[in-house]
Structures are given as C-alpha cells and as structure tokens.
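Both complexes shown next keep chain A, but they swap its partner, so chain B is in the first and chain C is in the second.
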Partner chain A sequence: MTKRYWNEYQKEIADDHYFYERSCIRQTFFPGSETAFLKIMRDELHKDIYDEENQHTCTGIGYHSDIVPLETTMTVVARLFSLMNAAGYTNYVPSCVTSFGIFTEMVEIWKHNPAMLEKTREYLRKATGREFEPPANLVHPSDIIYKFRMELKEKMKYQLVNRFTGKPLRAVEHVGCHYAKIFPEKGIGKSEFPHVLVGMIEAWGGEVIDYPERRHCCGFGFRHYLLQENRGYSVANSKKKFESMEPYEPDFILTNCPGCAMFMDKWQYTIAEMENKTYDKEGYGIPVLTYEELTGLLLGYDPWKLGLQLHQVQSENLLNKIGIKYNPDEKYRGADGQILPIPNRPKFLKQ
Partner chain B sequence: MAVNFGYSISTTRVINFDNCDFNLLHQLEEIVPSYKRCLNCGACTATCSAQQFTKFNIRKIKSLFTSAQYDKLAKELDKCMLCGKCTLVCPRGINLRPAIMNMRKILSNK
Partner chain C sequence: MGNLFDLLSEDSRFNDALKACMNCGICTAICPAAEFYDYDPRKICDTIQRKDENAIEALLRSDMIWACGQCLSCKTRCPRGNVPGEIILILRKYAQIQGYCGDFVRQQQHQLAETVGKNILEIGYCVHPDRVSPAKHPEQGPIWEWYVQNIEQVAPKLGANYHGEGPGALRKIREENLEEIRKIYECTGGQKLMDKLLNE
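After this line comes the complex of A and B, so read on.
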C-alpha cells in the first residue's frame, strides 16, 4: 500500500471566529473570489468571519522586491494585527498566500528575536499610537476550505466528474511557493507533499495529475516580473510548466495563490498571442481557477457572479463538462444591471 | 501576426536527455575508456596553457560533450595545443590528450 506521507503533516486550523484580511491584487484580478469565500464561510459553514474595512497592504510585493525594508514590513504587519486585536479576534486569515508567508515570517522572527518584537511595538506606538499582539492561530483560507471540504461536499450540487464520459475531471494543482516553501511546517502536507488543494480535488470527485514540473514556480517571482524587460523570463517559467502538463490533458488548473492564478491564466494568453500555441487540444487554453471559485462553482453559485468572465482563459468548456448551468447573455452584466461592452477577443486564443 | 508585448519569451537552458544523441560520447568512451572516470574536479582546466590566453575550458567541454551539446564544440577544441599538462595533473589518470584528439576526430566525422 502506498504510504501517504502528508498524513503526518497536518497543522492546527481554528474552528471558528476568523479575522479576514483581503489581498491587494486578488480584488483586481479575481474580484469574485474573496466575496465567494466570505459567502461560503457565512452561508454554507455558518462561521463567524470579520471583514475589516480599515485594512491595508501587507507590503508583500514591495518587501519581496527589496523596495520595502524589513522594519517597515514588521510595523505594517503589526498594525494589521492591532486591527485584529481591536475587533476582538485571535485567528488571522490572510486571503493572499504571499501575505500568509509575510505574516508567518514576521511572527517567526519575533519568536526567535524578542528584541525585534519590542522594537516593532515601539515603531507602531510612535507611528499610530496602537498596541498589538500576534495572532493565536494563523492560517490561509485554503486551509479552512480544506478543513471543511467534506462538510462542503455535502452541500455541493456538482462533482468534479465529466458528465460526458463519467470519468473524474483531471486537475493540475499549483500551491503558491509562500504557502509552504518558506516554512514547510506551516502548510498541510509540508512543502514536499502539499495536500491542501489535492485534498479538495480528490474529496470533490476529481483526479490530480502528477506531472514532472508540478512543483516548479508559476513564473511570478515578484522582481522577476516587475520590469517589462524581465517578463520573458517569467513567461518561460510558466511555459515550462504548461509544456510539462500538456501531455496529461488537464481539464483545469487549481491554485491557492493570487500570483499563480494570475500568471498561469494570463501567460497562456500571452504565449498564444506571441507563439500561436495553446496547451489544450481545442485552442481555448486550460482554465485556471482559484479554490474559492471552484468551491463556489460546485456549490452552484453563478459563474459570472464568481467573476469567471474576468479570466483570460474562459471556462465555458469546463462548465459544460461539469454540467453547470449558466446564462451566456448574463456574462457581461455589470453590478448596476447594465450589459457592459464585450471585451476585444484575443487574436489566437479562442474564447 | 504575433503580438509584440515589448519582451520575448526566454528560451530554456534545460537539456532534455530524451532528445539527445549520445552516440558520439559512446564512441569516445570506447576509444578512451578512462574518460568515464572524470569527477569534474577542474584540475585540467586550472593547469591548461590555452586557458591562460583564451576561454578554452576542458571541464566545460567535458560537460558539453557528455550532455551531447555538440554545437560550436569543434571550434572550441581547435584552441587546445595538445601540450598534455592536463593529463599529467588529472587525479583520476584520464588520458585527456587522446580524449581531445579523438573528440576532434569524432566531431569531424559527424
């Protein structure tokens, strides 16, 4: 019998009462995901989750690009923790994997270097007059969905099964580097066997593809992408992954990191337009979903309310395979009820 | 017509061994069996006279030859003066001088 090493690497995930911190880039690129997560937590799992209106960046992108110094990042993180303290919560849930990495790193530094913690308290006091305490439990939202995946399964209207063939849908899972590669013990299954997305896919009827470049970077890498001249290197990383997964014919890609979802989605468009190449047979590309979008879809949420139309690779083929009903006429209806102009079509990538 | 985004996609430097032709390497190993003993220490390169004046690098040539990357290798090999100092310093006793000569021969017959 195959030994499942990830079984030995579980982490503590609080049961209820979470303080939610939103991501900088997710609200732009995948605006439906965070709303869907809050809805799932409140309406499906009946959990108490607090959405703070005075929150701000964690400095992650600036920190990892060597623009924001460590002390500044610590102070900014400390302010976010002080907001959590003020709201009366102790379980911190940052939406972004990079934020999760930043918070974990700062808490670890403070643990090993109490003088740094005292200095951060002083900086925060001087800057804002606030006090703070680090959280008792720090988890990523994908951990929570993983924890409650079986409860969610009972409420789901659809399964990850191809309704035309009756076979499980084949999924590529991509776990963000900052989820477990910085502090392996902070991720379910550690960095070698991250099980956070595998657990969801398998529990909901899908099949996970194990391909050669499975643990390779998505190509985001912060400073590797920020300058336009460097982006060829960033695309090359994603391309390497796509070439590696292509023979396994995945139905979709699932990620738990904003950067991974964004780059694996948008670079497919870029590669298609630059080299006339897509990594599926029909020329539509491989849809990239966030774990909230996938959970929402299977729970029966409207794909357009989840924001699937904002992806570069469109998901209609996947929706048809699962059997999810959707109204094509509603795809570009705005929040005010007006039909928005249809975006320009890519030249090569089919939509 | 491809879209110009202001950058190009970097080509990978990964060598896919499934697409490599190792016949030339096997030919060399048959003629100079000691070549298999190399541990990539670089003593040959450190002592090389040609390396003093050019970018000639025996260690690099070895790694290119064993990974079947033959492009431009013939031109590089011409820089060797066949003095044999590398053979004298090799801790594994590899016959490097004949190895280089046979590499030239194999590549010219390619």
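After this line comes the complex of A and C, so read on.
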C-alpha cells in the first residue's frame, strides 16, 4: 500500500473568523482571485472574514531584495497584527505566499527570541503608539480552501473531468517556495510532499502529474525578476519546469502563490515569442490558474469576472474541456458593459 | 576593521542560519542560482565557518552573494538545519553597511530602492499596476498592456477598488497609514538604508 506521507504533516486551520490580508502581487495581476476568495468564504462557506481598509504591504518583496532591514519588516508586520487585534480577530490569513513566509518567520523569531519581540513592541510603540499580539492561527488562504474542499465540492457545478473523453483532467500543481520550504511543518504535507493543491485537484475529480522538476522554483528570485538585466534567471527557471512537465501533457497548471501564477503564465508567452516554442501540442500554451480561479470556475462563477482574460495564456480550451459555459462577447467588456478594444495578439502564441 | 565573523554573528538570525556545515553540498545541488550563476552556497557556508577574515571580506566584496534568488530550497534539504539563503541576507546586509558592494551591485540596489522601495513608502504597495509599465516589462505581453490601458473599466469588473476609498484590491492607501509606515522606517533603520541606497 502506498504510504501517504502528507497525512503525517497536517496543520491547525481555524474554522471561522479570519482577518484577510491582501497581496501586492495578487492585487496587481489577478485582483479577481482575491474577490473570488472572499465571495467563496462568505457566500459558499458562510464564514466571517474581515477585509481591513487600513492594511498595506508587508514589505516582503523589499526584505528579500535587501532594501528593507529585518527590524523594519518585523515592525511593519507588527502594525498589521495590531490592525487584526483592533478589529477583534486572532486568525490571520495573508493572501501572498511571500507574506505567509514573512509572517511565519517573524512569529517564529519572536517565539525563540523574546528580546526581539520586546524590541519590536518598543519600535511599534515609539513609531505609532500601537500595541500588538501575534495571531493565534496563521494560515494561507489555500489552506482554508483545502480544509473545506469537500464542502465546496458539494456546491460545484463542474468537475475536473474532460467531457470529451470522460477522463480526469491532468494537472501540474506548483506550490510557492515560501509556503513550506522555509518552515516545512507550516505547510499541509510539509515541503517534500505538499498536499495543499493536490488535495483540491484530487477531490474535484482531477489527476495530479508527478514530474521531475515539480518542486523547482518558478524563478521569481526577487532581485532577479525585479531588475530587468537579471530576468534571464527568472525565465530560465520557469523554462526548466516547462521542459520537465511537457512530456506529461498537462491540461493546466495550478498554483497557490501570486507570483508563481503570473510568472508561469508570462514566461510561456516570452518563450513562445523568443523561441517559437510552446509546451502544449497546439501552440496555445498551458493555462495557469490560481486556486481561487479554479474553485470559482468549478462553482460556476463567470470566468471574465474571475479575471481569466488577464492571463496571457488563454483558458478557453480548458473551459471547453471542463464544459464550463461562458459568453465570449463578455471577455473584453468593462464593468458597465462597455466594449473595450481587443488586446494585440502575440506573434507566435495562439490566442 | 573589526572582526567580520563576530559582526555577522551579531545578527539575530545568524545562529539559526549557520549551525554547523558538514560540506555535503546538497544545498548547491538543489539551488536554482547555482545552476544559473557561478554560485555555490556550500562554499559560502564553509568560508564563514572557517572564520578566515580575509576570505570573509572577499566574500562580502564579491558579486557571488547577490546571485541567490531567495527561494530557500536550501533550507528544506540541509541535513544540519542550516539556512544558506538566510546567511545570504546577513552577508548582503553587512556588504551594504560596510560599503563593500561593487559598482554594479550598488547600481542595482539603487534601482530597487527607486522602484520597490519608493512604492512602499509612497503608495503602500511593493508592486502596483500603475508602476509596472509595459515599456519596461515587455515580458508581460500585450494583455498586460491592454489591462493597464483599460484598468479603470476592467478592475471594477473583477471586484477591485482601484484608487478607491475603503477596503478592496488596489484601494488607495490613506496618508495616515503611509505616515505610520514612514515612522516605522525612521525608527527601525529602514529610512537610513533607503537614503544610503538612493544616494549611491
């Protein structure tokens, strides 16, 4: 019998009453995913989740790019926790995987180094007059979707089954590095066998592809993507993954990290335009979905309100395989129904 | 010049980041940066734990320490629980403080302070669609260009509150919140580092 290692590494995920913290990258590139997550929590799962208007960046991208000192990031994190305290919540849910790593690291430092906790309290008090307490429960939103995946399945209109063949759709899952590589015990299934996305895919009828570079980084690299002259590092790492997954012919890629979703989408376009190469057979590329988008799609949400039109690799072929109904005329319309210009087409990547 | 090993050890992260390296090299084997650059986290750990001051100074002055992409895959695999990626953060911190960075690295850190650094202090986001210009990001492709050109119509369709008051994605972060971030920067050394990077 196959040993299910991930079963040994479960984590505590609060049942209700969450304080939601938004992600800089998610808001920038896929804001519809955060909207969908809140809708799923409130309308489908009937949970209490608070969206604080005074929140801000955790500075994590700056911290890992060496332009923000540890003490500064730590105190900015403390301010965010003080907002959670003031709103009456104890369960903190950061949308970003980089933030999840940052918050987890700060809480761990404070646990093992009470002097740093006291120093952070002093900094925050001096700078803002605020006090704070760390959260009782700190989880990523993908943990919550994982926890309630069976309840959500009961409400879903679609399954991850190819309606033309009747077979499960084949998915590549990509878990953001900072979800479990820094603190393996904080991720469902730990870092070598993370189960957070696998659990969703399998529960909803799909099949997970195991491929050699499954755990390789998407290539963000912080200063490497952010500096134009360093971006070769970033695209090369994604390319390594695409080449490794190509023989398995995935129907789609699922991610839980805002950055990974964007990079694996945009680098497919870049490689297609540079090398006339795609990693599917038809030349459209492999669609990359966020876990919020996938959940929303299977629940029957409008793909164009989820924001699938913001992906450079188009998803219509996948929607057709699942059997999801959508109105193509709505794709490039604005909020009030106004017709917007059609985006330019890439030279090589089919749309 | 003081003792560089002692200086590195003063960082609160140091003892957890480097316990004892046995030179197995698994960090280098798993490292995406080692595959792409002339970079070897095993050698870095070894150089530091040998406490050879000249070698540590050479390391701090080298471009090699700027190759790490901070994925932290090394943390997962190290059988001794070392965190080479965290050691890198400490080395980079002191390379900047000691003024050891070469011209190219200084120029790059300046650029990061001009972009991400100013984004944090001016608008409260590390990245924001207003500051990801299609001209400087050709890899983002024509859809990104379309989104930026039509964001006022598209963002609300996706439930975003672009430049709006109140909660929501891409909301305007109010001045009183930004002011608290700036005060935190002032009292924790963040502004001092920003000033240094921006003036270099």
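The rule is short, and it goes like this: the second predicted complex is superposed on the first by the 351 of 351 C-alpha atoms of A that agree within 3 Å, B and C clash if a C-alpha of one lies under 4 Å from a C-alpha of the other, contacts with A are read in each partner's own complex, and residues count from 1 in each chain.
Quick note on the criterion: a contact is a pair of C-beta atoms (placed from the backbone, for glycine too) under 8 Å apart; a residue touches a chain by one contact, two chains touch by 3 or more.
Keep in mind it's a predicted model, so treat the numbers as computed, not measured.
Shared-chain residue A:Ile109: touches chain C; no touch with chain B. Which of chain B and chain C touches more residues of chain A: that partner is C. By the touch criterion defined above, A:Thr28 reaches chain C but does not reach chain B. In the superposition on chain A, contact is made by A:Pro343 with chain C only, not with chain B.
Of the two partner chains, both chain B and chain C are touched by A:Thr270.
By the document's definition of touching, both partners, chain B and chain C, reach A:Ala236. In the three-chain superposition model, chain A touches both chain B and chain C at residues 228-233, 235-236, 240, 270, 273. Here chain B touches chain A in the complex through residues 1-3, 5-12, 14, going by the rule given at the top.
Against chain C, in their complex, chain A makes its touches with residues 22, 24-29, 31-32, 34-36, 39, 51-54, 56-57, 59-62, 64-72, 74-76, 79, 101, 109, 112-113, 116, 123-124, 126-128, 130, 177-178, 180-182, 184, 191-192, 215-217, 219-224, 226-233, 235-237, 240, 266-267, 269-270, 273, 304-307, 309-312, 333-336, 338, 340-341, 343-346. Within the complex formed with chain B, the residues of chain A that make contact are 228-233, 235-236, 239-240, 270-271, 273-276, 347. Contacts from chain C toward chain A in the complex involve residues 11-13, 16, 32-33, 35-37, 66, 69-73, 75-76, 83, 89, 92-93, 96, 108-109, 111-113, 115-117, 119-120, 124-129, 132, 136, 139-147, 149-150, 153-160, 165-171, 173-174, 177-178, 180-181, 183-190, 193-194, 197.
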